[in-house]
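Next, two complexes with chain A in common: one pairs it with chain B, the other with chain C.
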Partner chain A sequence: MLRTRPWVPYLYVAPAIALLALIFAYPIVKVIDFSTRLIRGSTGPRVGTLNYRLVFEDPTFRDAAKHSALLLLAVPVLLFISVVVSVLLYERMRGWKLYRSILFIPYILAVPIVGIVASYLFSLNGVVNSILRGMGLDGLALDWLGSERLALWTVMAVIIWREVGFGIILFLARLLSMSEEPLEAARIDGASWWNRLRYVILPELRGTIEFYVVVASITMLAWVFAYVYTLTSGGPGTSTTILELYIYNQGLRNSLPGMASAVAVLLLGATTILIGIRFWFNSRRSDEEVTA
Partner chain B sequence: MEHFERPLSRRQLLQYGAGGLAAASLGPLLAACGGSSNSSSGGGPATLKMWWWGQQEAVGIQKWMQDTVAKFKANTGNTIAPTLMSTDNVIPQFTNAAAAGHPPDIQFLFNGIYHMENVWLGYIAPLNGLVSDQVLADSGATQLSVFEGKQYRVGFYSIGFGIAYSKELFDQAGLDADNPPQDWDSFMSACDKLKSSGVQPIGAGVKDGFFGEWYLVNTLTQNLESPADALNLFIGNLDWREPKYHEHWVKLQELKEAGYINDDVNSLQLYQGIQLMQTKKAAMALDTTPDIPNNQKQLGADNVGYFVMPTFGTGAMAGIPILDTQGFGIPAKGQNQDVAAKFLEFMHSPERVQAMWTLSQQIPANTTFDASVVDDPLIKAIQEKWVAGDHNAYIADLMPTKFWTDAMFIASQKILAGDMTGEEAGDLAHDVTETWKKQNPDMVENYTKWGQDLNG
Partner chain C sequence: MTSHDAVAAASPSARPRRRQRVRLAAFMRHVLLVVACGLALYPIFFMVTTAFKTRADYLANPYSLPWPISFGNFSQAVDGGAFGTWFKNSVILTLGSVILSTAFAALAAFAVARMRWRGRHVFLSVNVALMVVPPVVMLIPLFIFFTDLHLVSTYQGVILIYAGLTLPFSVYLLTNFFRSIPHELVESALVDGSGNLGILLRIVLPLSVPALVTLVVVNALWVWNELLIALVFLPEDRLKTLMVGVTVFQNRYNLDVPVTMAGMLLASLPMILLYLFGQRFFIRGLTAGAVKG
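Take a look at the complex of A and B:
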């Protein structure tokens, strides 16, 4: 057997580690460093935790955090629609391949296009309200994006409309890779559709569901800027301001990259926790499987 | 009265967009990739990089710019390599290139805080001593380009702010279309008559916030004695909660409650609101002078009027037109500052100043411009009143962006949604100003020094 010095393997992987550090670790370290400075231009003096304190004192940040948290309500909706529709498609209803393509189309549209089109559709005198008025439903013709009460929910609906395609395809792919024998056995045993879903399909989808919930949650927290920017720019008032928009405003508009970095670090912490939960679920399931 | 100026373009400038983020990271890279300018230190002809903006707003100005660059080369042998920048990137990209030590030789600059932040970072050179005193004085750079007694910009072209209206709809409502209202009561009365005639008096869109900015500039100014008052409000030395400093928002509330502004104002963006006027769905709209030709195209040349925001305020700035200018400066680390200065002087030579109108139908930012070449009666009247006459600064150029995003933007949208009163908007503005001060102690210091220049 070939014998080498103990540090030699580390030498071989060192270039890859250095590359990863440069690509991933350096920016994170830099953001954390920025969050402790009053940045003017490309650098600035250290201010300790001042940026974090200023962030928590800022009412706009509190509004933004609340709205980002509210957007997490879209996750169970996305999950429910994705699972139900993917199961229906899996049952190979007539024309299921066509439906699959149609349902995925919104997901391949560029978000800014979706945002701009939706902003026309949902304006007070836009297409949606014109249709409602045409149907005599004037009372439902609301100011979907111009009202503080409705704007965040309208934005959420647009996000769900576009993002749900990914969930459907993800779950459908998992279902199509699943062995059909358990389902067939359940059918022969006379299990109803609901029971097949509950006792056969959902357990099979468990890992995918965990993955999807984490990914969708991260999307809601850190990937919806383009929707908000194009649909409402955070208004009316602060009613649709989210953490990403707050970061953008502080970092680029208000010339306060330090505060923007502080919020980015907090957001990174939140998403890291979500990923941690995912790993925890994974390890717990592995333990259960070993025990079984 | 002080003479200052500023453009409509805070609008898109504030829309740095996600693209701005990309620009922030790509800027230095692009600058480095762009190669350095050919220095003239050896005495031979030089090639200078110029990053500019303006065609997006002052349609046709590119023709003048190309002609100016060509004539400068013919006269001096020096080449100017212009790059027309996007609205989102023209300032952020400069800031990043300057930080990386690779700025262009000549840089377009919006007025006020948009270039003053770069002055405070040491990225822009003072023009005193580089550009002749006469050009500095004539170029319409405005007082907002002066910091600690030094001037950092020369002007480019002019932009006036006011209300554009359809004379036809005024006539239909029984109003005197040639004598638009000058005071607030007359204005409200005119709105009432227009509404009674079945016409929406004012077309507006506040979704992107810029209507709120234009409205604030046209109205808050009326209760101020000088631009320094505006600066002192923005940095908290004056109190927004005093009735005269939020009266403009109370007036906006009145317009909303009277139904004089379209009910979908929160669903529309600035130019969608203006289009209501251009398509005769509304009689009036806040607008700027570069948009007048477009209004004339839509409504007919004889059917468009333009007037100063009617007055309710009692400050020294009330009733006076608001004017702004775009401009150019020289980066502190520019390698060909002498040649760059010569080019700025050439832009302001008498022949070039006149050529801006003849080639591009834009009003130059230069007090020596002979307006007899302007043949359009409305544009001529605007030039005489807004540019040649006494005019006010565009005070939004003094506004910290935090105030824009967290006070002006929010207050205007909420008032127009019926969710906030003018008085509450004053409270919000006060709170945001206090927050801004906490977050930007160093900027407060710079602003205070700047205020001394504004007090003259």
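Take a look at the complex of A and C:
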């Protein structure tokens, strides 16, 4: 540690703290305040829990909450694909670096571009349906984005398509950083592929799995606006409206910032709980390490 | 405990059969990965091939390779969209916010990693927690506040937002890296009579070039691809970013798929090129927050 005058370190963190206060702290305090007011311009009279009651009575909000919750179903899918593919790649099969580079490419593409390209692939007369028809599966050539029943699942598939690249890279990086000795020992002892996965690899990945589940859940709840905006804009009807889109529409299009703020507070609460779970996992693990 | 290998060695006929099974398993794994790669690449293949087809060719056969190759879509896309303006705006915002975020993060991380002060552990924990707070939570108050400050529809306003949103990750990554720099190197600079800022600028930062490159790549990728903030804070045509521009462009050419795909390809080119040249920085940076989390 460098020896400094006591106030010097604060000088170094001051710009960062000022910027974090402007972009995070102040807006978070304000959004909580806004959610209890009838906002006109930049403030308004207090109305207690009115915004929250209005939100819960709004069928569009209930739809949006339901859809955001349903998108969480993508998390186990993402986890499964990422772990399986990263373990396959980890076994240093020929060409694993090339496979890795290719599987990561979707994650490099910008979400709006992915959304627009996918909206053509999945349109009624798009390529997906012409392939299905070409294979004689006319019954499966559905209106993937235009039907209320299917649109959310199609959006979810597109999200998984792009986001899975991150999961693969993440688990592979963790695997490559672990010591090879336990795995080698298990192999010499004749442990089957499945047992090596179950008793050697998965325990090593536990911390990364916990991290990934939390981050992917937060992503599905609150970072998928650009997918929905470019694929369906929330439609048809409200069948793909999610919480982020609801905040955007109510706050900026319908000029109801109070209601939008109430939903933002709920979303912040959900995120905080998820971050809390992550910290709890971490502290539990370091306790184990201390006692071990 | 008998191992499989011992059993296999004992019976002469078992070994070739086992080897065959292993080879089949390896083959299946390759099949699985090739299918996965095909799925990962197909939409990109579709975008690229369609961009080089005439509209008639596309309607006749949407999956064939483009032949003869047609460049007409690109000139039409460039004429119809404002790609130059969008590109310029995205570059300005990316450069501005990445420089600001990196500079503030380097100062803060230096203090956290190398100086003793009350609150440094709390400061770092706050940054780790803020890394995952979604921007949409701050959207409404920021918009109202920035409207009052006349920062909506300005580069400065959005640069501040992007720099702020990327700051927690930047602080976290640089703190970890600065901590790993050997103490002797820093000590030797002290003997030479360097001040604190001198140590940061002349010793720590030059040793941190790999971490800085990683950080710049990850943050640039994030800012370049961001849609929600750009959509809300830069509504004027002359200030639209590439990502917002792309959605405008699609609405205009909705029915002309080849021209739309040409536009999408133009817009993705910078990041694809950056990935091809700096792949390891992408991978290192995007996993940095997690592997030692």
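By definition in this document, the second predicted complex is superposed on the first by the 264 of 292 C-alpha atoms of A that agree within 3 Å, B and C clash if a C-alpha of one lies under 4 Å from a C-alpha of the other, contacts with A are read in each partner's own complex, and residues count from 1 in each chain.
The definition used in the following text is that a residue touches a chain if its C-beta (ideal position, glycine included) is under 8 Å from a C-beta of that chain, and two chains touch if they have at least 3 such contacts.
Predicted model only: the values in this text are computed from it and were never measured.
Undergrad: If you count the residues of chain A that each partner touches, which comes out higher, chain B or chain C?
TA: Per-residue touch count on chain A favours C.
Undergrad: For A:Pro182, select first, second, both or neither according to whether it touches chain B, chain C, the two together, or no partner.
TA: In the superposed model, A:Pro182 contacts neither chain B nor chain C.
Undergrad: Does chain B (first) or chain C (second) touch A:Ser42, or do both, or does neither?
TA: both
Undergrad: Should A:Lys30 be classified as contacting the first partner (chain B), the second (chain C), both, or neither?
TA: Touch partner of A:Lys30: chain C, not chain B.
Undergrad: Looking at the overlay, what does A:Glu57 touch: chain B (first), chain C (second), both, or neither?
TA: After superposition on chain A, A:Glu57 lies in contact with chain B alone.
Undergrad: Have a look at where A:Phe225 lands relative to chain B and chain C in the superposition and call it first, second, both or neither.
TA: Both partners.
Undergrad: Would you check which partner chain A:Arg253 touches, where first means chain B only, second means chain C only, and both and neither mean what they say?
TA: First partner only, chain B.
Undergrad: Touch test for A:Glu148: chain B only (first), chain C only (second), both, or neither?
TA: first
Undergrad: Go through chain A and flag every residue that touches chain B in one model and chain C in the other.
TA: In chain A, positions 41-42, 225-226, 229, 248, 251-252 sit in both the chain B and chain C interfaces.
Undergrad: Inside the complex, what are the residues of chain B that reach chain A?
TA: That would be residues 14, 16-18, 20-21, 24, 92, 95, 99, 117, 121, 123, 207-209, 263-268, 400-402, 404-406, 409-410, 413-414, 417, 419-420, 431, 435, 438-440, 442 of chain B.
Undergrad: Tell me, which parts of chain C touch chain A in their complex?
TA: The contact residues of chain C facing chain A are 1-5, 25-26, 29-30, 32-33, 36-37, 39-41, 43-44, 46-47, 62-63, 100, 103-105, 107-108, 110-112, 114-117, 120, 123, 126-127, 129-130, 132-134, 136-145, 147-148, 160-161, 163-165, 167-168, 171, 186, 190, 196, 199, 221, 224-225, 227-228, 231-232, 243, 246-247, 250, 257, 260-261, 264, 267-268, 271-272, 275, 279, 282-283, 286-287, 290-291, 293.
Undergrad: Which residues of chain A touch chain C in the complex?
TA: Residue list for chain A touching chain C: 1-2, 4, 6, 8-10, 12-13, 15-17, 19-20, 22-24, 26-28, 30-31, 34, 39, 41-42, 85, 88-89, 91, 93, 95, 99, 101-114, 116-118, 120-121, 127, 130-131, 161, 165-166, 169-170, 173-174, 177, 188-190, 193, 207-208, 211-212, 214-215, 218, 221-223, 225-226, 229-230, 244, 247-248, 251-252, 257, 260-261, 264-265, 267-268, 271, 274-275, 279, 282.
Undergrad: Can you list the chain A residues touching chain B in their complex?
TA: Against chain B, chain A makes touches at 38, 40-42, 54, 57-60, 119, 122-126, 143, 145-148, 225-226, 229, 232-238, 248-249, 251-256, 259.
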